[in-house]
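Two complexes are shown next, each including subunit A; its partner changes from subunit B in the first to subunit C in the second.
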Partner chain A sequence: MLLRLITWPYVRKHALRTMLTLAGIALGVAVFVGMNSANASVLRAFSQTIDQIAGRAELQVTSGETGFAEDVLDRVQSVPSVRVAVPVIEAVADPHIRGEGSLLILGVDLIGDRNLRDYDLESGDDAVIDDPLVFLAQPDSIMLSRAFADKNHIAAGDRLTLGTAEGDRTFSVRGVMKAGGLASAFGGNLAVMDIYAAQKMFGRGRTFDRIDVALTPGRTIAESTRELETALGSGFQIAPPSGRGQQFESMIAGYSLMMNASSVFALFIGMFIIYNSFATAVSERRKEIGVLRALGASRRQVRLLFLLESAVAGLVGSLAGIIAGTFIARGIAASIGGLIHDVYGVARQAVHATATPGLLAVSLAIGIGTSMIAAWIPARAAAAVDPVRALQKGGDVSLSSGETRARLVLAAVSALGSTGCLLLDRSGALFYASYVLATLFAMLLTPFLSVGLMRLLRPLLKWVRPVEGTLAADSLIQAPRRTSGSVAALMLSFALVVAFAGMARSTYGSLVDWMNTTLNPDLFVMPSPDIAVRNVRFPSTMSDELAALPGIETVQVVRQARVVFQQTPIMLLAVDLLSIERTARARVTDGNASDMVRAGAAGKGILVSDNFAQLRRLKVGDLLELPAPAGVIRLPIVGVIVDYSDQQGSILIDRTVFQRYWNDDSVNFFRVYLASGASLADVKRRILERFAGRRQVFVLNNGELRDYILKIATQWFALTYVQVAVATLIAVLGIVNMLTVSITDRRRELGVLRAVGASNNQIRRTIWMEALCTSALGLALGYALGAINLYYALEIVRQDVAGMRLDYEFPIGVALAVMPVMFAAAFVAALWPAESAVRGSLVEALEYE
Partner chain B sequence: MIELEHVGKRFERSRGVAALDDVTLTIERGEIVSVVGPSGSGKSTFLNLIGGLDRPTSGHIRVGGQALHDLSDDELTRLRRDTVGFIFQFFNLLPTLTCLENVGLPLHLRGWPRRRVEATARELLTLVQLGSRLHDRPEELSGGERQRVAIARALSINPPVILADEPTGNLDTHTGEQILALLRDLQERLNSTVVIVTHDLTVAASCPRTIALRDGRVVEDLRR
Partner chain C sequence: MNSLVAMWRRPVSAAGLTATSVILALATPYAADNARRIIEEVQRRTDTMSQQYEGLLQVVDAKGRVADKRWTFERLGSHGRSRSVLRFTSPAEVKGVALLIVDHADRASDQWMWTPAVERDRRIALQDRSTRFFGTDFSFEDLEERDVDQFDYTLIGEDAIDGAPCWKVGATPREAKSSQYTRSVLWIRKDNYAIARTENYVKTAITRRLDYSNLQNVQGIWTARQIDVVDLTRGSRTRLTLDKLQYNATLEDDDFTVQALRRQ
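The block that comes next holds the complex of A and B.
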């Protein structure tokens, strides 16, 4: 009843402000829903693909990305609890169809595979299924999914050209699989071919990527896992298909952490808008609350009224945010998919971003909860209103001495707590507690700092515009409650901008430094135009052929693959350490440069990247156990170097060690140094000519590879910048909100100004200056908090996200660039409020109380 | 100085009831006129119209020979800035500004140089006997002192017309008398036209001319 009688008329009267409050909630929730559902959809799509491909497999035997020798299949099949064991090769091929993306090729042995997977053909030659020998006999055979065939108007009997390790090869489409199940994997972009043909086409030699296992009836997964572990030894991962999804999740954990943290930050900033709205509503409606209290409303009823209002606002704003977030998610999902492909090498696939009912419920709860938390203090203040005082004139925009004292005490406690936590432990929960307390400290001090800064600025403003400047400054000084909400929202936004910009700047700096010292070959010879693709490889014999070409001085082979280390896929780099040392000088952070290379080359030690060491708290001398198919490599870390080959860090071993333990001499790419005086273009041409028709070869020069790496870094930060933009937008909404309230509060004051002869432009200027001053306060405090925020952000990157030790560099360029943007945004935000200030009736303004 | 010719004002929100109805009168330069009438008689509307704060719905108003109905918003603003000094019942001083700043406000709005603004404001505050309270803020002053500051502000532009809306309404009798005496004194010195809206018959009786309004019409125009 109170909602209808009291709240509804207020909402109708202040429709714009209500809309702004709702927009604040909606934007915060939209970002949260968009980011989370996009992220979850990408993860879900990956897991679904695993499940759909797994078919009825109960266990999968893998060895990271390296694969293993064919004879492992016999050992798996000999395990008693294994009923069926079939080998699989997964590769991604380019079908050269514009806009179609990649095609996931599943290489299977059709003889045994039908025990685990259904290959229902809709059209084509059923004989290929009924008699797999037909398929085997024709190594150019493939089967396509219904979805892919339909999209590209391909029918059984047609031919399709695919990019393979051996160059472009044309395949005959022998059948089209019915939709659903396996055919839906990888967003429907799936083709099946014979495993031995796949080995050849994708440079696998005599290895398989994986073995899918179905158990003997009556045997459990745990029993079978144990038996397989015993039979195979170390270096293999034996887990249900869902285990691969978990590995994927752990691999991108750092990325997810950043995504989630910044979406929560956006929500947090939205919270300030809500707090500000409700705090000013309480201030404006003091008289109304006083009447209610005088008429017998209890404190509880008043508090409930405001909390109920906030819950309804939260509900409406969240629903709008969920709808907007669902749309946003579609765009973000594609971007995340691309980024995960580029950074982690996970095949890009079509993702249909949808929010799960669980996420929707959580978002709704967060939206409503955030609103209610933000409204809690204003609701309490409303309930505490003394009826007699409330019925007197004047608003309540200043802070009471009690509140001032409480804020200062809490700020001091937060500052001490933050420093204490940091001194006790610079990692883990205490570190994060210190971060939260430092932010809380800044927020608690915002009203005092805003007023203090404004007092300092007042003379300057008065000097610039004696009337407008003075009144703008006084308006902000006199109403710290009204001002501080918007300033705090701006401060948090800018602190976020500074942190991200600082991180980006340091990251780019570190990457460039690394590329200058380590990534210095003239050319990179690769089997795929896509650097992230690792499942197409060269045979090692190509090395000699390359080295023999005129103009080439040195060829270095690089084998890189993810191996599972402590349940997380980690990048393993196998190189000729001695050769690399002669051409590139990696920056050493722990250990002696020449000793570590000698020990590594002799197979007596392992080198790790600095980010790997940071993330896992490792140092020189620590023993590393690396499971490999031929046994566990137990070697000490002999050196820590700066290497950003992978975001999660990398382990470097000598190529001879890799060959011994993985029985694999294939190559991911070649590093090529030209002879003195040789022409880059000529050598590139010679390489392409040498392998034309035999191999799919792509040659990138140093600049192209650098650009690619920097592009990935840019992509990495792009999504977070979107969130920063949203946070800033929310903060700007806060300015509009604050100014609308300010104009209402100062209606009489502005009326007097107009009565004594202020022109409309002079009134407008007063409002504009108030907006610009708010922005200036937000910027000043934001930069100060940003400087602190950057420290924490760099530490989080080092400890939990990427392990990169980034230098602290305040992003002065961005800070300066943001200034005019924010002043312009504040000016735009002030346009409408300024117009409303000059449009109102002068007589009513002077009568207004 | 002020001429009203068949002036009417209707407010839509009052369902078309006339706040002023066919008012015709003239106030000469240097006159002190009180306007009286019960609540809702149209006193404040009358003041707002001649002060250029509002526009009539019918008829014509001239202030200093200038027809108000022809003026744009900006021109009305200029008229208020250059011709009219307002004194309000609730003083309407800006609480964050000192006495000096409040009095100097209209001069700043006219774009006067800072030094000249400050000198004039000092002079005016001394004139209203507040020379020792230049840097006090309104909250530090008594009601009478606040109204003196408001009068000084109204006089700052040396206006030919001073409009006072219940200038003693918020003051005790003794202070009210002092304020009226001050207004009369200043009017004599500056030869301004002063229009005082009041419901206080003692205040009205102290003025040489009283116009009585009822239901938006002039029911009496008494000259003493």
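The block that comes next holds the complex of A and C.
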């Protein structure tokens, strides 16, 4: 009833401001929904693909990404609790169809695989699937999912060209699988072929990627896992299919952390808009509150009224945000999918981003909750209104002395707490507590700092425009509550900008430094144009062929694959350490450079990257246990070097050790150094000619590889930049809101000014200057908080995200670049409020209040 | 019993057993003993040094469509001690695909398949033996020859197939895990100890029926030149016709190895 009688008329009267407030919530929630549903959809799509491909498999035997020798299958099949064990190879191939993306190739042995997976072929193709002999006898046989076939107008009997390790090969479509189940895996972009043909086509030698296992009835997963571990040794991962999903999640944990933190930040900034709106509303409606109180409404009822209003605003804003978030999620999902592919090498697949009911409920709760939390202080202030004072004329936008004291005390406690936490522990929960307290400290001080800075600026403004400057400065100084809300929102946005820009700057700097010292070959010879693709490989014999080509001085082979270390897939690099040492000078952070290479090459130690050591708190001398198919490698860390091959860090071993423990001499790519005076273009041409028709070979020069790596780094930051832009947009909305409120508050004052002869332009300029000053305050405080924020952000990157030791460099360039943009945005934001101030009826303005 | 019979099941080894003793046994508590003797006699009568033939496989699916394939078959030894190579000769898409079966007296056979286009041999795991043999109605297990000792036998009764009186013998694998079938029933002609029919059961349901016809005496061995197998769960059937059948030809040991599969 109160909402209808009291709130609704106010909302109707201030429709624009209400819209702006709702927009603040909506934007925050939209970013939250968009980011989270996109992230969750990517994870879900990955898990779904695993489940759909797993079929009726209850356990899967893997050995990281490296795969293992075929004889492991016999050992698995001989385990009593294993009813069915079938080998699998997964590879991603390019179907050369515009806009279609990659095709996941599932290589299986169709003789036994039907015990685990259903290959339901469409009617009419029975002859094909009923005659697996033809399918197996012809290595060009392929089965496609109905979804892929339909999209590309392919029918059974048609031909399809795919990029393989042996170059482009044409396949015969000998079956089309019914939609659903297995055929839905990888977003429907799935093809099935014979595993032995797949081994050949994708350069796997005589290895399998995985063995899928179904258990003997009556035996448990735990029993079977134990038996398999005994039979195979500890170099294998034996887990239900869902275990791979968990590994994937642990691999991208750092990225998820960053995404979540950023989306929460957007909500946090939105909170200030709501706070500002409600604080203003309380101020404007003091008379109304006074009447209510005089008529017998209790403080609790008044407080509840405002909280209820905030809840309704939160609900409406959240609903709008959910709709917008669901809409933008698809774009974000595509971006995340691309990023995860490029950074982690996980095959990109079509993702249909949908928000789960759970996420929608959480978003709604967060939107409403955030709104109510933001409105809590204004609601409490409303409840505390004295009816007598409230019915007197005049606003209340200043801070009470009690509130001032409380804020200062809290700020001091926060500052002390933050420093104390940091001194006690620079990692873990206390570190994060320190971060939160530092931010709280800045927010609590915002009103005082805003007023203080404004007082400093007042003479300057007065000098620029004596009348308008003074009016603008006084307006901001006299309404610290109104001013500080907008300034705090801007401050947080700019702090975020500084932190991300600083991180990006340091990251780029570190990457370039690493590339200059380590990634210095002239050419990189790869089996895929996509550096992230590791499941197509070369035979080692190519090394000699390359070395024999004129113009090539040195060829170094690199084998890289993720192996599971402490339940997380970690990048393993197997190289000829002595050869690499002769051509590259990696920056050493722990250990002696030549000693570590000698020990590593002799198989007496392991080198790890600095980020790997940082993330796992490891140092030289620590013993590392690395599971491999031929047993567990137990070797000490002999050196820590800077290597950014992988975001989770990397382990470097000598190639001889890898060959011994993995029985695998395949190659992911070759590092090629040219002979003195050789032409890059000529050598590149010779390499392509040498392998034309029998190998799929891509040759990248050093610059191209660098560009690719930097592009990934840019992608990494791209999403966060979008979030920063949204946060800034929310902050700009805050300026519009603040100015609208300010004008409404001062209608009478502005009316008097106009009555005594102030021109419309003077009024306009006053409003514009207010906007520019708010922006300037936000920028100044934002940069100050950003400087602190950057420190924490770099520490979080080092400790929990990427393990990279990034140098602290304040992003002066970005800070300077943001200034004109922000002033322009503030000016634009002020245009409509300024026009509204001069176009209103003078009589009405004088009658206001 | 020749390997063709064994192919459509079951093993049999030598040992004398006269028709008279079998008939007497039907009415005695020694029925199981006599059933085994019948099987031993079947095995004895089909014991050969080798066997060769060219087979025509005609698979008729549930819709009545017929697909033809041809293979050559060579076997060295008999029953639980034999090795066989089956090589497809047509159609062109499957030409050269070969299967090596190494039978063992005391356990299931080892099988390898060779696919020349991929130049790879692959082992057919024991778990996969119940799989249909390349679109036919035979399973990989049906291609094995087992020794008489791998089963327990019971004489179920008598019956007539195409007017020929037969013993009905039940065979149950001694190791349940070694076979997809829970049990089999064999109809053995009393006049020449040739198998006339086999029915294979999974639990209590019959899954495959094999009928042996066009019985001919080849080099002293009664051999069915036509075998029809019906997959009762799918409703499809396959007919195998034997041409150029020959026993006891000289074959080389070396031709019955995985290496030999790769060579050819």
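Keep this in mind: the second predicted complex is superposed on the first by the 843 of 849 C-alpha atoms of A that agree within 3 Å, B and C clash if a C-alpha of one lies under 4 Å from a C-alpha of the other, contacts with A are read in each partner's own complex, and residues count from 1 in each chain.
One rule holds in what follows: contacts are C-beta pairs under 8 Å (C-beta built on N, C-alpha and C of every residue); 3 or more make two chains touch, one makes a residue touch a chain.
No experiment lies behind these values; they were computed from the predicted model shown.
Partners subunit B and subunit C, brought together by superposition on subunit A, fit side by side with no clash.
By the touch criterion stated above, A:Tyr196 is placed in contact with subunit C alone, subunit B being left untouched. Once the two complexes are laid over each other on the shared chain, residue contacts for A:Pro139 go to subunit C alone; subunit B is not touched. Residue contacts after overlaying the shared chain place A:Ala297 against neither subunit B nor subunit C. In the superposition on chain A, contact of A:Leu422 is made with neither subunit B nor subunit C. When both complexes are overlaid on chain A, the residue A:Val697 reaches neither subunit B nor subunit C.
Judged by the touch definition given at the top, the superposed model places A:Gly112 against subunit C, while subunit B stays out of reach.
Of the two partner chains placed by the overlay, neither subunit B nor subunit C lies in contact with A:Ala495. In the superposed model, A:Gln77 lies in contact with subunit C only, and not with subunit B. Annotation: apex subunit A, arms to subunit B and subunit C, angle 150° (C-alpha centres, rounded to a multiple of 10). Once both complexes are placed on a shared chain A, the shortest Cα to Cα gap between subunit B and subunit C comes to 87 Å. No residue of subunit A contacts both subunit B in one complex and subunit C in the other. Note for the complex: subunit A touches subunit C at residues 73-74, 77, 83-85, 109, 111-112, 114-115, 126-127, 130-134, 136-139, 194, 196-197, 199-200.
Across the complex, subunit C meets subunit A through its residues 59, 61, 63, 65, 67, 69, 88, 93-94, 96-97, 113, 115-118, 120, 122-128, 131, 134-135, 140.
Per the touch definition, subunit B reaches subunit A in the complex via residues 44, 48, 51, 53-54, 73-74, 77-78, 80-82, 86, 88, 92, 94-97, 101, 104-106, 108-110, 114, 117, 153, 157. Within the complex, the subunit A residues that touch subunit B are 466-467, 470-471, 474-475, 477-478, 748-749, 751-760, 762, 841-843, 846.
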